[in-house]
Amino acid sequence: MTLLSLDQVTVAYQKQDILKDFQLNIEKGQLISLLGPSGCGKTTTLRLIAGFIDAKEGRFTFDGQDYTKVPVSKRNFGFVFQNYALFPHLSVYDNIAFGLKLRKKSKTDIEKRVKQVLEVVNLIGFENRYPKELSGGQRQRVAIARALIIEPDLLLFDEPLSNLDANLRESMRVEIRRIQQELGITTVYVSHDQEECFSISDQVAIMNNGVIEQLHTPAHIYRYPKTRFVAEFIGFKNFIAFSDRQDQGDHLLMTAGSHTFQVTKHENSEAGMTGAIRPDDLQLLLETGQAERPNHVSGTIKICTFLGRSYQCTVETTLGTFTVNATIAQPLAIGTAVTLLFPEDKIVVVQ
Amino acid sequence: MKRSGRYFLLLPGLLFLSIFMIIPLVLTISSTFLEDGSFTIAGYMNFLTDAYFLDILTTTLFVALTTTFFCIVLAFPVAYYISKINGSKKALLLMLAIFPLLVSPIVRSFSWMIILGRNGLLNDLLLSIGIIQEPLTILYTPVAVAIGLVHLFLPLMIVTLVGVMENIDSDYIRAAESLGASKTTAFLKVMFPLCMPGLLIGSTLVFVGSFTAYTTPALLGGQQRVISTFLYQNAITLNDWNTAAMIATIMIVLTFVVTGIFQKIATMLNPGGS
Amino acid sequence: MNQSKNLALGITTFAIFLFLLGPLAIIFVASFEPTSVLQFPPTGFSLEWYRNIFSVSAFMDTFKLSMVVSLLGNLCALLLGIPAAYALSRFDFRGKGVLNALFVSPILIPGTVLGFTFLRYLIVSYSLPLEAALFVGHTIIMLPFIIRVIASSMANFDFSIEEAAMNLGSSRVGAFFRVIIPNIKSGIIAGVLIAFLESFNNVDISVFLTGPGISTLPIQMLTYVEHYFDPTVAAISVLLMIFTALFMFVIERLVGLSHFTKR
Amino acid sequence: ACGQSGSNGEDAPTDLVVSTWGFAEDFFNEEVYAPFEEEHNVNIVVDIGNNAERLNRIRQGTANIDVIYLSDYYAQQGIDEGLFAPIDRSNIPNIDDLYELAQAPLGEEYGPAYTVGQFGIAYNPDEVDADIASWADLWDESLANNITLPNITATTGPMFLDAASTVAGEESFNEDAAFAELTALKSNVVKEYDRTSDFVNMFSQGEIVAGPFMEMYLNDLIAAVPNTQFVTPEEGAYAVLNTVNVVEGSDNQELAEAFINWHLSAEVQEASAKAKIDSPVNQTVELSAEEAEGITYGEETINDLKLLDMQFVNEQSAQWIDRWNREIAN
Amino acid sequence: MTLLSLDQVTVAYQKQDILKDFQLNIEKGQLISLLGPSGCGKTTTLRLIAGFIDAKEGRFTFDGQDYTKVPVSKRNFGFVFQNYALFPHLSVYDNIAFGLKLRKKSKTDIEKRVKQVLEVVNLIGFENRYPKELSGGQRQRVAIARALIIEPDLLLFDEPLSNLDANLRESMRVEIRRIQQELGITTVYVSHDQEECFSISDQVAIMNNGVIEQLHTPAHIYRYPKTRFVAEFIGFKNFIAFSDRQDQGDHLLMTAGSHTFQVTKHENSEAGMTGAIRPDDLQLLLETGQAERPNHVSGTIKICTFLGRSYQCTVETTLGTFTVNATIAQPLAIGTAVTLLFPEDKIVVVQ
């Protein structure tokens, strides 16, 4: 069941359109992420949904009702701000109780529910602290608690983890997902961190320049980016510009220079003439002389840097420069001749 | 919020200012350009070609600019020092810096008479330690006026400068030093230009204050007139409001010109600033 | 840090503070002079002139009026200034620069000119009673300080807490009172204080707006020194200094003085 | 003042607004205002300020002032501008007891002087080589950088200008000669003074040792420099007349006249003199030598005082101020 | 040749010691990273070397000379600040020329060298811009250029890339490494990003609480963390507390509960009783019933989240909870019984 839909929405700051004919439908209970480069309009979308900004054109429907003109304070959406936006002059307790007090709940009711939600975010005992006396992660959780307690019909997260270090970030995202699923709250989650979005979402929308380029499950997007932009954004570092394309049943035969490539077909493969492959999927062969065979390209090492798990090597070929993550014991010397193997089920044809 | 709401917030203040200040001021000023119902700048030409008036004007400007200059020079180390320390010492020093603002300018001038006079504390001190043989004449000279005015306005400059300095990242200074700048060079080439916004406000306050000061020049100055005396003479003693309004207009225009020049200098010294 | 440079800076600062506070110390000491001639060092110790303050009824009367005008004007400047400061620092809109300049202009116009214009229009043309004109004039000179100080306390303000409040069900006006005002409280206090001093010490505007039975303390002091050269005004200044020191002490206890620097 | 003039004097007292300088307020409250308020069921409201400021308030009509005290110089300006109401002398019988020069200094239609002061020279004999006896002595080289002058805008400014003309050897006032003479005096002048307190101040601090001075403030000088001498210059001292007038449009003309009459009464005049606040102009006041110390007293003294033609002074003042600014004050 | 050495250095803020008996030697021409959690004293170390703060005790030797008392401006060390600290009032040109002007170089000389260094950082054409008119990456490069142009004897970087997004970060670190090697400048690099430190450095120092816990080459540290802290910090998420340990030639035989583990020995293995293994190295076997064999532990799936490349599964066992990154096509249902294999060459014994 579609809970929320943005229909042909246009948003502009001053004269410039930020979102243009924007389209988005969200199912009840789902967590959907908006992922995209800085400035693509993620926050704008969220703020539009929250009601902080008005659309120039288009309709915003929520639960079957037209919400376009409903004021912020009447929407009952929880918003977790990137910078938390905790009220500095109020204690943790009062921050969390803020929404309930406005709803004129009884004192005992408020106390009970604050206690419940404090348990959920694991902050029992912090009631009387002020925001500045909390660590980043604790603040974060207060912000989430404050949004949760009003039992929102929709939860909106704007890069809630961007200020945390890697470890805290990971544990927080597990927490958010847990709470969201436990309470079954439909959620829109904004981040520019790929891994974060992928690990937390039911659906991911990849945005570019005010437009959603692809909307699908994380695993699908990870494997089958639709466009070059999406591919590049999610870590496909290597691209091949094909000059010819032949459809051969369950696979495609692509040509680039004197090289041919066999590529497994999938639903996105319709129209594109660009091949994309991840550095992790590209294989580095130390044997040479295989360049004649399909999906093989010969080249020379330009530089190798240690990545931890593997070495990242830049390889120069006649089709351009490729980046490959190779699990090798020692870095290869600059100039070493190598062969790159492009596994057919790992090359993706994108638009 | 709807756009119009923003103006609505400004409206009460705007109306208040317009009705009680802007309109009266515009009427006052525009009347100086009218003679028998037609436009004229003859009155202004009289002033601007009168060597005596120009002399008063340049003297006042000179005193005001000198005061501004010394306020800047003296406020900088103090503000820098205050902005570098923390806690209760900082609060105390700030408090002490603001303190003189609360003492009536008349009383402060009296104190300077006691200090700077012919038989004043300063002369006594200098004579007794033998630096001078004859008492210095400081009181009733432009120097005394400048000292009094600096004393009057220094707190404003300090407070304003502490405000900007507190927000200047000390990494800029470190960066300069790591590039080979001595502390002094780092201060002159980096800190000083970055203080421009505060310096601008401070200088404007000090300049306007000393340009229009009346009590201090009257009490500490000698025979030389300043422009506010002149304005007062015309307005109050001679009851010549038209002339007074002309002097006022010239003062306002000059104030705007000088603060505009301050702005220009600030932009020149800190072109990257906002 | 280089210790010797730090020391040099400390000494310079100390010397400048001596320059700032020395004259006040002289006034303090001289105010206990027993004879009617203010001099330093004093020839003895006497509270004669402190007694005089309370025996001349005009000092007390004008002190009261000064307090009333400065406080009421302050209140009015706050009511006008807070919304304006909020709009000027919260939003971007056309004409903001001009409006900014306009709200600061009372600082840039010579006091004598303002006073004379007020006399001519507020009293003569608008026929405002003296008290009202005095109050309006003081409100106007306080307004720029209120706006400046409060706007700069909002300059680095994160307005998302306002959105957060609305998101949690607060109206815009409600959000302003519930979360903006409490968080700029110290800015407001600093603004109020600086504006108060500006008004309480004002001479050049008040002098035009006083009349029968209506005068302010600085004007009364000026009138007094036209005819007397005894240490009474010094004693008044000392009392004001003590009064202010106590006041500052309280402010420091309440919000911390560093807020004064946020101009 | 208020609208309902004192018809039924029993209940609400009438407001009488008195504009004055603001010295000795306590004396005036107790000895002058209170008895009058009592007797006439009046409430006196005072307007305080210097001559110029207060005259301006009348000009602007911003205060409903009934009675105004001004020095003759400023009073003449008020008269010229029609700001004062003609008085009914029959309501002020005490005028007849005054010295002649105080009775109608600015014309029969306008108010009398309630006090007279002597404008002469004060000096510190300990610091002055030769005794000072005449205006001309102020030009002595030994006084270089040691004297002060009243500003031309002060009440006594024009008097000293007249004195300069006399020093220049002119029989009647000669403006050019006076200014030339003043220019020659500049090297002796530390600074001119705007208010008497400035003089007292400079004198007690040792910044000056002599200068033209109003005798009525002599006690203040003596408090600072006990040896202070006041002299009536050989060429003659000037009379400083402080007048009292009824303001045009006053609703309380009669009350105002009654008030003026009260201030001229021997009772008030004597009390003022004894408190060393104002020199008496009422001839019936008798003072002992001690009581007369530091005030201007005695028929002989008063009748010798020179008087300026205030009408002339007023006509010339703008020009004098301009010349003074340009030639003397820089 | 040791260029720089910190010998028994103690640094304190107020009364609290931040660095205590700190020891560090750096070879000429090397790039050494300081890596550690927030607050461990990385910045403090850098600031000490730069001369911004004084040591309470100890000696700082540089190039054979005692540098303890040499003022900042005489050290000729380049410092690249975390926040760039570009002079906002100076153009790009003047920012870069700042140090040379202080050295009273001739105008033409300055012009020539600014041009050279602008080429190095690829900013030709930006000379007249002001810092606020530059993007993050461009500012970064100006900051580097400004430090480079004085031909510093030592380059100090304080988290220079922390404000950049993933893509820019990666390209910048390649750039920094290239420049550093090209010019052979000894460099100390501070970051809390593991991958960044590993890819850029000759040596990595892992810091904890004001002490260096391990100093070695990136590859070595990656494989053989010395302590549990280091292991945890660099991504060993799984730990086993051993109860017994037997030395058997080139390997160790460790016991935990009823399980035995064979572990390849290496130089760090001396004393520890804790085993550590990365989620990537742990193998997830769907067969069960192998738990009796050494290095095998059986368990059940608690949760699986999609990571992109793989799924991250949490597995509950009698030895505790383990995290494993498994390359599987579909997430495993909660409760699925699985076996974990701990490859003997991947378990590391740490202190």
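Order of writing sets the chain letters: A, B, C, D and E. Residues in each chain are counted from 1.
Definition applied: contacts are C-beta pairs under 8 Å (C-beta built on N, C-alpha and C of every residue); 3 or more make two chains touch, one makes a residue touch a chain.
A quick map from chain label to UniProt name: A, E = Spermidine/putrescine transport system ATP-binding protein; B, C = Spermidine/putrescine transport system permease protein.
The shown structure was predicted, so the numbers you read here are calculated from the model rather than taken from an experiment.
Undergrad: Would you say B-E or B-C is joined by more C-beta pairs in contact?
TA: B-C
Undergrad: Comparing centres built from CA atoms, which chain ends up most distant from chain A?
TA: D
Undergrad: Whole-Å distance, chain B centre to chain D centre, using C-alpha means?
TA: The separation of the two C-alpha centroids amounts to 37 Å.
Undergrad: Can you give the whole-Å distance between the Cα centres of chain A and chain C?
TA: 54
Undergrad: List the centre-to-centre spacing of chain D and chain E in whole Å, with centres computed as mean CA coordinates.
TA: Result: the chain centres lie 89 Å from each other.
Undergrad: Going through chain D residue by residue, note those that touch at least 2 other chains and give them in order.
TA: 53, 201, 205
Undergrad: Return the residues of chain C touching two or more other chains; collapse runs of consecutive numbers into ranges.
TA: Within chain C, residues 2, 39, 120, 225 contact more than one other chain.
Undergrad: Going by the contact rule at the top, pick out the chain C residues touching chain D in the complex.
TA: Residues of chain C touching chain D: 35-37, 39, 55-58, 119-120, 123-124, 130, 207, 210-213, 215, 219-220, 223-229.
Undergrad: Can you list the chain B residues touching chain D in their complex?
TA: Those in contact with chain D are residues 52, 55, 110, 113-114, 117-120, 137, 139-140, 218-219, 221-225, 230, 233, 236-240.
Undergrad: Which chain A residues qualify as touching chain C in the complex?
TA: Contact set of chain A toward chain C: 50, 52, 72-79, 81, 83, 85-89, 98-99, 102-103, 146-147, 150.
Undergrad: Across the complex, what residues on chain B touch chain E?
TA: Chain B residues touching chain E: 169, 171-172, 174-183, 185-186, 189-190, 193-194, 196, 269-274.
Undergrad: So in the complex, which bits of chain E are touching chain A?
TA: Within the complex, chain E contacts chain A at residues 37-38, 165-166, 174, 177, 192-195, 198-200, 218-219, 222, 234-235, 280, 305-309, 312.
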